[in-house]
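Read the structure below first, then the notes.
Should a chain be cited, it is by its letter among A, B and C, assigned in written order, with residues numbered from 1 in that chain.
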Amino acid sequence: MLSREKNELLTRTGPGTPMGTLLRRYWLPAALSLELPEPDGAPVRVRLLGEQLVAFRDSSGRIGLLREFCAHRGASLFFGRNEECGLRCIYHGWKYDASGNCVDMMNEPADLDFQSKIRLSAYPTMELGGLVWTYLGPPEQQPPLPRFAWALVPESHRHVYKTWQECNWLQALEGGIDTSHANILHRRLHPTDARHGIVPSATFVRAGAPRLEVYPHEYGYLYAGVRSLDDEQVYVRTYHYVMPFTQIRPGPLDMVKPHNAGHIWIPMDDENCMVYHWTYSMGAEPLSEEDRLEPGSGREPSEHLPDFRKVRNKDNNYLIDRQAQKTELFSGIVGINNQDNAVQESMGPIVDRTQEHLGPADKAIIIARQMLLDAVDTARAGGDPPGVHGDYEQLHAIVGAYPRDGSWQAAAGGTHQPLAAQV
Amino acid sequence: MLSREKNELLTRTGPGTPMGTLLRRYWLPAALSLELPEPDGAPVRVRLLGEQLVAFRDSSGRIGLLREFCAHRGASLFFGRNEECGLRCIYHGWKYDASGNCVDMMNEPADLDFQSKIRLSAYPTMELGGLVWTYLGPPEQQPPLPRFAWALVPESHRHVYKTWQECNWLQALEGGIDTSHANILHRRLHPTDARHGIVPSATFVRAGAPRLEVYPHEYGYLYAGVRSLDDEQVYVRTYHYVMPFTQIRPGPLDMVKPHNAGHIWIPMDDENCMVYHWTYSMGAEPLSEEDRLEPGSGREPSEHLPDFRKVRNKDNNYLIDRQAQKTELFSGIVGINNQDNAVQESMGPIVDRTQEHLGPADKAIIIARQMLLDAVDTARAGGDPPGVHGDYEQLHAIVGAYPRDGSWQAAAGGTHQPLAAQV
Amino acid sequence: MLSREKNELLTRTGPGTPMGTLLRRYWLPAALSLELPEPDGAPVRVRLLGEQLVAFRDSSGRIGLLREFCAHRGASLFFGRNEECGLRCIYHGWKYDASGNCVDMMNEPADLDFQSKIRLSAYPTMELGGLVWTYLGPPEQQPPLPRFAWALVPESHRHVYKTWQECNWLQALEGGIDTSHANILHRRLHPTDARHGIVPSATFVRAGAPRLEVYPHEYGYLYAGVRSLDDEQVYVRTYHYVMPFTQIRPGPLDMVKPHNAGHIWIPMDDENCMVYHWTYSMGAEPLSEEDRLEPGSGREPSEHLPDFRKVRNKDNNYLIDRQAQKTELFSGIVGINNQDNAVQESMGPIVDRTQEHLGPADKAIIIARQMLLDAVDTARAGGDPPGVHGDYEQLHAIVGAYPRDGSWQAAAGGTHQPLAAQV
C-alpha cells in the first residue's frame, strides 16, 4: 500500500514533476528505427513524458526530435516537409534542422535574418539496437548512451518491437517485474486436468512457488526465483531490474538456445506508456524468421494496430472467450502480452495504490518502488541517480537447474546480500 | 424551479452524498436475473450509485456482488474465473466468495495464511421477481426485501426488462410520474385530424385534461387523474409513487385484462440511470409471448443494444422522422420508450432546474421532490425514511369508468386527504 | 507573442466574457438560409458564442432563433414540431412563436393563462445574402444590419457556404488575414522544378515577397501586398479586414472577371468556429454552376459532411499523401480549404500564443489583435466598437498590375497613412 502522495509522486512524469525530473536524467527510447526507415521520409509524432514531439530522419540519415509545434505560430510539424536536411513547416515554410535551428523562412526577406533568432526545442538522439534514443534532461548532465548486450549484437541476432499500453507506466512496469503471476495468468489448461474448466487445486501452484531473492546492485537489483528440485539441485530463474525502467529476463527460447529478452517501459503521458520489448540470441546462431514473429506472445503483427495499439484492447474486453477460459486458457484471453495488458489496464489509467494489499510475493515491486523513491531524492539533491553511468553489457538472465553449491549465483553474474522488503 | 443547491442535493448519489445516503437505505435492483443465467457463468459489470461492482452467480447459484477491483493490486474481477463457489482474479489467482472473503491465493504459500486478512467489499444480494436486488447501506439498518405484487406472482405472469438511460435518475423518474405528457408526447396523428401534419387544436387536449389528485401515504403517494364523463360517471387513472424510485401504474393491457406495470429508476452514476420495467398479469391468465415483446413500447428486443442502451439514441437523434412527425406521430420518433428517453435525455445529463417553470400539471413532480428532500433529512437525522419497511403487495393501480360515489377510491385502495403542491 | 491573459481575453467568447460582450454588439451569421429551406420544416441546432440555440422557419417564413431548451422542464426544442407559426415542444406541447412568446400549452387548462407568463430567450433574426443573421447583444444597442455588396447582389450572382472548423475562432481568422502563407502552403509543385519533391530554393519565394501595407479605417483596415514589377508598374493585391470577424478579398476568379470573395469567422464555442464564405460576381454576368462548385477549393460538396464538418479532418490527418507532398503539392493535402484547416487546427483547440514568434510578415495579425483589444475596451466603457454602424457596400478588394502613380490606391477605395505594427 502506498499513500496517495507517494502514488502521485511515482506516477506523474510531466515536465517539472519529481519523477519526471528523475526520468529525464536517463536516455529514453523515443521510437523504433524502423518507424523512420529512410532519409526524407514521413515524420512521426512522439509523445514522451507528457511532451508532444515530432521525429524525422533527415537527408543525411540523422534523426531530429523536435517540439511538435512550429516556433512561428504553432502549426504541427507532423505535416512538415522532410527535405534537404531539415523539417519544413507547410504553413509558412519555416525550416528546422535536426538540432532545432531555424535554417530557412519562406515568408520573410532573407536580409532580415530573423531566422537566426529562432530555435525550436530539440533533443539529442542516438540510434542503437534498433531504437532511437533521446535524452530530455539538462545538457550538462547528459550521460553516455547505456550499453546493453542486446543492443550491441548484430541486427541478425536481435528483434525489437513495441506496444502502446493504455495505462500509467508504473503499473505496466510492476506487471513486468512481478514473476508470481506468470504461471497463473499465462497458464494453459489441459484436458488431463482433474476437472475441465476448473483450475486444479491452487495447492499445485503453491507447492511449486519459488523462494524469491532480491540482490541489490548499484544499477538496481538481481532477482531470483529458486525452487527445490531435490537434495542436489535447485531450479533457478533470474532477471535484472535496471533502474529506472528496464528489465532483462530469460526469453521464451532460453531453455533451448542461449537467448535473453526484456522490456523498457516509457511513459507517453501519465495514462499511456510505450513498452519496448526485445529478444536476442546470445550465441552464434542468428534469430530465425519464426523467432521474430514471437508466436503465442500476443505481439505477433496481427495483434497490433498501425499505431502500436492492440487489436484486443479494453474497448472490446480483449475479446475474452469465456468458453476458452473454462477449458483452455486460465485467462480466456489469447496471447501472453494481451493477458498482461488486460489485467494491467483493467486497473484503470492510474491504479489507486492506497487500496492495494501486497504480500510476500510482491517483494520485487516493493523494492523497486523504494529504489525509485530514493532515486527521486538523489536527483532532487543534485546527485546522479542509480545506473545513469552504468555499463550493462555483461548483465544477463539465467534459467535452469543448478547444483546447490553456489554455482547459479556465479552463472547469474554474482550476487550480494539479499534485500528484505517491508510489506 | 429549484435552487442550484437543491438540484445538486437531489441528483448526486455517490458515496457520502445526502441523496446517496438516503438511497443506500433501500434495496436496489442491481441486475436482471437473466444476465446471470447459470452457475459459474460469465460475471457482469454493475455500476450503481457511482460504485463500480461485479456480479457473478457462483457454483451453488448464489449471487455475489463485489467491488470490481481485486484487493491485491486492483485488476478487474470482470475478467475473473467464476469457479467452485468463488470468483478468482486471473492475475494472481486470488479468489473471493460471494461474501467477499478471500478464500484462496495462488501466488502465496498456504501456510502464510495471508488470505484470512483479506476481504473485498461485498454487498448482500437477493433474487426476487426476475431481479437481483442488493443493499448498499449500513448492515445494522438493513430492512427486509420489499414485497411487491409483481415480484411475487409466478414467472409465467411477469415480464421484466431494463433500459440504460443516459441522464440523471431524477429527470427519468420525473418523466415517469408526470402523466400530463402521455397524450401529448405519445400521441398518434390520424388522417381524420382536421389538418394533416398539424396537431389539432390544443383545446381538444385541454378539454380532456383530468383533475389531478395526490393522496399522501406513508410509502409515498397515490396519484389520480379524474375526468368527468357525465353526471353519473368519472374516468379514473391512478398510479402509486413508492419512495424513493418506484412507480406502479396501469399497464398497456389494463383495459382488456387485469394487469399492472411499473418502473424502478436506479442511478448508475449521476449522468446515467438504469430503468427497470415490469408488467404482470393480476389474473389467472399468464402473459403471452406477444405480451412479453411489448409491441409499440420502444422496448422490443430490436430496440436495445446488448448493453441495454438503445438503438435509437441521442447520437442519432433517436432517428426522428420529420415526415412522420407531420402526419403520423406527434413526436416523429418510433416507440413510446424512445419518445420518453428522447425528451428526458435531451435536457442534458443533469437538467438545470433553476431554469424551469412548473405549472399545476407538474404537481406530482413537485410533491415527489419535497418527499425526497424530507426523506434526506430524516435519513440524515438517523431515522427510517418512508417506505423502507413497507409491504406493497396490495398496492395496485386502476384505470376505467367509475360511478361518482367514491367507489373508485375504494377500488384504488383507499385515499386520504389530497395534498396541495406549492408551485 | 501574447501574454496568457491577452490570449484568454481574445479567445473566450461565452456570455459575460469581455470578447463575448464585444462580439454580441454585432450582427452574426447564425445559419445558411438553405438550412431552413421551407416554412414549417425541420428545426436546426445552432451553437453560437457558447450558447445552445435552435432555429426554425415558421409558417409565415419568419425565422425564430430560440434558446434550445423549453422553458417548462428543459426538453430540447430541436425535436419540436414546427407548425402554425410556432415551434411546439413534443414533451408537453408548449409552443413558442419566433419572438419566444409562449402561445400555447397543451398540458394546462386554457383558463389558467399560465402561458402569458412564459417567455423563452429569443434573438432577432434577419435574412440577407443567403444567410440568417442574428443579434445577441443588448436590444437598446442593436445596430442596423450591416450592408455588404456581396449580400446585396441578386442570388444569381452570389454563392455562400460554410465550414465547421475545429479550433478557436481567432486562429481561423488569423489564418485568413495572413496572406504570407498563400504561395507557400497552397503552392503546387511542377515537374519543371529543379528537383522533384524538394521545394525550389526559398529565395525564389522571398524574392517575390510583397511589401505589406496596412491602412487603418474606422471599420478595420485595408491591407495591401505590393510587388515591384518594373520601373513603371506594381502588382497589387488588397483585402479589407472589417471588424471584428469579416474579410473581403479578391476571389479566385478575380483575374478573369470582376469578382470578390470573403469569409466571416463566427465562434460556435471556444474550441469550434463556423466559417462562412461567399463569392460574388461584381459584374453583369451571374455565377455559373461551375463557379458555385468552387473546384480545387477544398469546399466542394464532396469535401463536406452533412453537419458541415470536413471529410478530411484532424482524425484522419487530412488524408495527407506523403508521396504527393514530394512531387505535386507543397502540403501533401488536397484542397485549399483543407490545407488551411489542417495547419490551423493542428495548433490545438486554442493555440498557446505565449510560445509564438511573430515577424514582419505577421503585421496584419498583430494589428488586428490590437484593434480587437482596443474594441473590447471601447465596448467595456459603453462605447460603440468600430464598424457597428458601418456601411460596407463600397468596400471591395483588388488584384492586378497598376502604374506607380497612386492609381491602385484610388482603385482600392482610398487609403490613409499606413499603420506600423509592434512585433
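What we mean here is this: contacts are C-beta pairs under 8 Å (C-beta built on N, C-alpha and C of every residue); 3 or more make two chains touch, one makes a residue touch a chain.
These numbers come from a predicted model, not from an experiment.
Of all residue numbers used where chain B meets chain C, under half belong to both copies. The two sides are thus made of different residues.
Summary of the copy comparison: rotating chain A onto chain B for the best CA superposition needs 120 degrees, to the nearest 5.
Between chain B and chain C, the centres computed from C-alpha atoms are 47 Å apart.
Within chain A, contacts with two or more other chains are made by no residue at all.
For chain C in complex with chain B, the residues that touch the partner chain are 40-42, 69, 71-76, 78-79, 81, 83-84, 88, 90-93, 95, 104-110, 112, 114, 117-118. Partner chain B is touched in their complex by these residues of chain A: 171, 174, 180-181, 184-185, 197-199, 202-203, 205-206, 209, 317-318, 320, 322, 325, 330-333, 339, 342-344, 346-348, 351-353, 355-362.
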